[in-house]
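Labels A, B, C and D are assigned to the chains in the order they are written; within every chain, residues are numbered from 1.
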Amino acid sequence: MGSITIRNHTIGDGSLTIIAGPCSIENREQLLEIAHSVKESGAAILRGGAFKPRTSPYSFQGLGEEGLQYMKEAGQAAGLLTVTEVMDSSDIDLVASYADILQIGSRNMDNFSLLKKVGQKGHPVMLKRGYMSTIEEFLLAAEYFLKEGDNNVILCERGIRTFEKFTRNTLDLSAVPIIKKMSNLPVIVDPSHGTGRADIVLPMSKAAVAAGADGLMIEVHPNPKKAISDGQQTLDYNAFRELMQEITELHAFLNHRLTAPQAVKFKVL
Amino acid sequence: MGSITIRNHTIGDGSLTIIAGPCSIENREQLLEIAHSVKESGAAILRGGAFKPRTSPYSFQGLGEEGLQYMKEAGQAAGLLTVTEVMDSSDIDLVASYADILQIGSRNMDNFSLLKKVGQKGHPVMLKRGYMSTIEEFLLAAEYFLKEGDNNVILCERGIRTFEKFTRNTLDLSAVPIIKKMSNLPVIVDPSHGTGRADIVLPMSKAAVAAGADGLMIEVHPNPKKAISDGQQTLDYNAFRELMQEITELHAFLNHRLTAPQAVKFKVL
Amino acid sequence: MGSITIRNHTIGDGSLTIIAGPCSIENREQLLEIAHSVKESGAAILRGGAFKPRTSPYSFQGLGEEGLQYMKEAGQAAGLLTVTEVMDSSDIDLVASYADILQIGSRNMDNFSLLKKVGQKGHPVMLKRGYMSTIEEFLLAAEYFLKEGDNNVILCERGIRTFEKFTRNTLDLSAVPIIKKMSNLPVIVDPSHGTGRADIVLPMSKAAVAAGADGLMIEVHPNPKKAISDGQQTLDYNAFRELMQEITELHAFLNHRLTAPQAVKFKVL
Amino acid sequence: MGSITIRNHTIGDGSLTIIAGPCSIENREQLLEIAHSVKESGAAILRGGAFKPRTSPYSFQGLGEEGLQYMKEAGQAAGLLTVTEVMDSSDIDLVASYADILQIGSRNMDNFSLLKKVGQKGHPVMLKRGYMSTIEEFLLAAEYFLKEGDNNVILCERGIRTFEKFTRNTLDLSAVPIIKKMSNLPVIVDPSHGTGRADIVLPMSKAAVAAGADGLMIEVHPNPKKAISDGQQTLDYNAFRELMQEITELHAFLNHRLTAPQAVKFKVL
């Protein structure tokens, strides 16, 4: 069936899994507030970066272990699973002691040494597609976990680098149905990084669900304009709540259609 | 409102316009059959190439005026509008005498001389995005028509060239909501060229509708494996009929939601 | 041998052909001055746009036939061949009546209808690589001329579109030796468009010559900062003269080495 | 001046530094033979992979520490410095105990955690450009070393990912003069990975030297067809020796010209 169960939550069983939270963990109170807000709107997993891969060494690099502690506390307080990035093989044990799911970021999809060691750890993992990687390379990177016997792998399409300038990346939704045909791993779509624009996160979320995604990862912050990083692609609480309403209804409609007796199966030529 | 009316059909008024037909016009009987079939499934416009832009000069170049005659006849017989490509400024009058809508192909989006002369003709036109053009360049190319006073312009997103190899192009659905914010021209999505794969035309069609597209352009052929060109991305009659059912229901759901009282408007940050 | 002779000048015989001139033809006196200056520095062919393909319809579109007259006069006065772009099949006879070589611009490399008609005219032609075209597509586009019996075809590598932002395009010098292996057509490199930066035109010109190019096309203007178009990639007279000195010496060195007895042939594996 | 001295060898002082060797270290005898051969032809640094980043986990992953031992022995026997890739922060001390220069591979240019820790080690390092990184990102990645006080940094242009299919990557030689203007770090060019084709390594090497590169990195193997990895882009001993002859003469010519009294400096506009 290709579903993954982490504690009480199952991903990839036909339900829609929503991951939400800030780009960077900024402080304890804010993360607690965000966690409760996104939980109320229907999210199942809290995201937030403690170790941040930044293009410039002079940019904010994250709170480190302090951030991990805030994340674990906020997840437990709000009843959410947690996911956060691990950037270095020497941090795997540390991050896994706080987070339910280890994220491998887009910039590390080709960091095969990290992939191997995370696979050996056997912790649930979400692998983001490299922004410069083909779908084939994405699936082969996932094999690094599977080869080590770690099957709790979630894939995340987050946009690829092209010449287009109106978006930060080009969200490649074709990857969703293609991966569904070639693998039984759940596929999450990240329209926040995939577009870099808060104003089109809603339509691209709907498109992702319509394309068959098993879930979405959305950046949420109480005041996106003041976020330490990625504010231009981040939703505030209201926008996120409204998105959740639309997405939930759309998913229910699509799901109902799939299981209704009149549903016809599309024949591949 | 940004809608365009050609004879009895309006594009961009909230309805969904489906353009369907073969990549190349192959012969009279086949085109008549296709026209009746796609009409029955719900298409409004018949597509088909008479002048074909081919990478190699040794590939089939299209039936030319003979193809245009078949197209006009088939459109009238089935009650469909027609769209076909014009590749040369000296053919504008000829093509416009047969087809309701002139198509500017992806390879000619930068052919500014052709754009100007088509704009001067004042005939309805569908402009396909260049496969390596930014959205900004796409909108500026459309300005070539608008500057000449021709406002009957439909835009068509059909995928861009990237490094990805599992698809022929990368369908850039982000272009749909972005163009909707920057222009009032209707936007059609072509998942056939945008993916190059018949097996994902359905999910990408649903994604396009969910992203807000005003319509779809789908390649249909009675026997895709025997089509002269682009068979690998072409649906047969059954697959197209099933796609139309799903798409129509999805569009009705989304439209109803938009107009229902509980609908909340998404706030741009 | 793969060389082409136009009047008294041969391209592709081991010599180095330099094409120089302004992006746009601006006025008669200036073009005459430029022609004499670049001739004195060693150029053989005068370039200059009379019909300009511009992304925006509101940008300067060129002087048209008036510009062609200036170009013909300037070429004759300075003893230079001339090359200029033809953008529309209905202008082929007009442009060919003024210019020695018809240029097909990068944006029209896929304008197969134009290629065919230029090929039928049989006039010497320089085909620029599409900024979104593979080398294979470039060579197939050249076949459109060859198929019509027109063998006086010069190819021009001018950079391709990538994600890089410090240059306007990415100059693909690998295309030079690859085309040399697959075709006997002369290959010119355009480092002005290929980089979009006057400050690296010299090193990239040297690199092009070292890679085996049969010539260069360089934008030159008396006052680049005041040029109507493309000033940021244009050299002034002094910079061009100095470039010519360096390039000429480098080419003589490479040529001598090639023909000297100790020269060893590189064996392809 | 921007030069780096490692033991007896200086890189970036106007001389040309040649790095050569196999893609993967295969066995002790072969590496010794290669080391002597490339030394005789004029190389200064021996390359060879002991830890190999492979797209598929099922491909050969390198000999590991055994390979490092062979490399150290071969470098000492032939009088060559050595460079090899480190893929994991936990291997830094190990690799640094064997190799003179640590290589950060293209796939790890964004592995900021690795960059930081290598910078803290203070060992000489060669950073390869990410195959989908801009020049700006490349320079910012180098800042990760400089910020830690490690100034012994060599940059290596090795091609970027584009849509072109006749080459493995598109070698972006424009990066050489641009980096020279923005940084004082030495720049090496890798035409083997940059093209993926042994048959154009020579012309692209000449182009790189003409563009101003401080050196080249070339894959050499006694029998490229039998190499474990990357054979199609690898030169045999004869081809490498002939390349060295041509390159050395070209560099001497260019260097002489630069220092000769008649040399004129190119003025940036």
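One rule holds in what follows: contacts are C-beta pairs under 8 Å (C-beta built on N, C-alpha and C of every residue); 3 or more make two chains touch, one makes a residue touch a chain.
Since the model is a prediction, treat every value here as computed from it, not as a measurement.
Novice: Which other chains touch chain A while also touching chain D?
Specialist: Intersection of chain A and chain D contact lists gives B, C.
Novice: Report, in degrees rounded to the nearest 5, the angle of the rotation taking chain B onto chain C when the C-alpha atoms are fitted.
Specialist: Rounded to the nearest 5 degrees, it is 180.
Novice: Measuring between mean CA coordinates, which chain is farthest from chain D?
Specialist: Ranked by distance of C-alpha centres from chain D, the top chain is B.
Novice: With chain centres defined as C-alpha means, what is the inter-centre distance between chain B and chain C in Å?
Specialist: Averaging C-alpha atoms per chain gives centres 36 Å apart.
Novice: From the C-alpha centre of chain A to that of chain C, how far is it in Å?
Specialist: 48
Novice: So what's the Cα centroid distance for chain C and chain D, whole Å?
Specialist: Each chain's C-alpha centroid was found; their separation is 33 Å.
Novice: Do you know which chain D residues sit against two or more other chains?
Specialist: Only 132, 161-163 qualify.
Novice: Which of the residues in chain A come into contact with chain D in the complex?
Specialist: Contacts found on chain A: 51, 53-58, 87-91, 107-108, 110-117, 131-132, 137, 140-141, 143-144, 147, 161.
Novice: Provide the residue numbers of chain C that touch chain A in the complex, in ascending order.
Specialist: Residues of chain C touching chain A: 161-163.
Novice: With touch defined as at the start, can you tell me which chain D residues reach chain C in the complex?
Specialist: Going through chain D, the ones touching chain C are 132, 134-136, 160, 162-167, 170-174, 176-178, 181, 194-195, 197-200, 202-204, 206-212, 224-225, 234-236, 238-239, 242-243, 245-246, 249-250, 253-254, 257, 264, 266-269.
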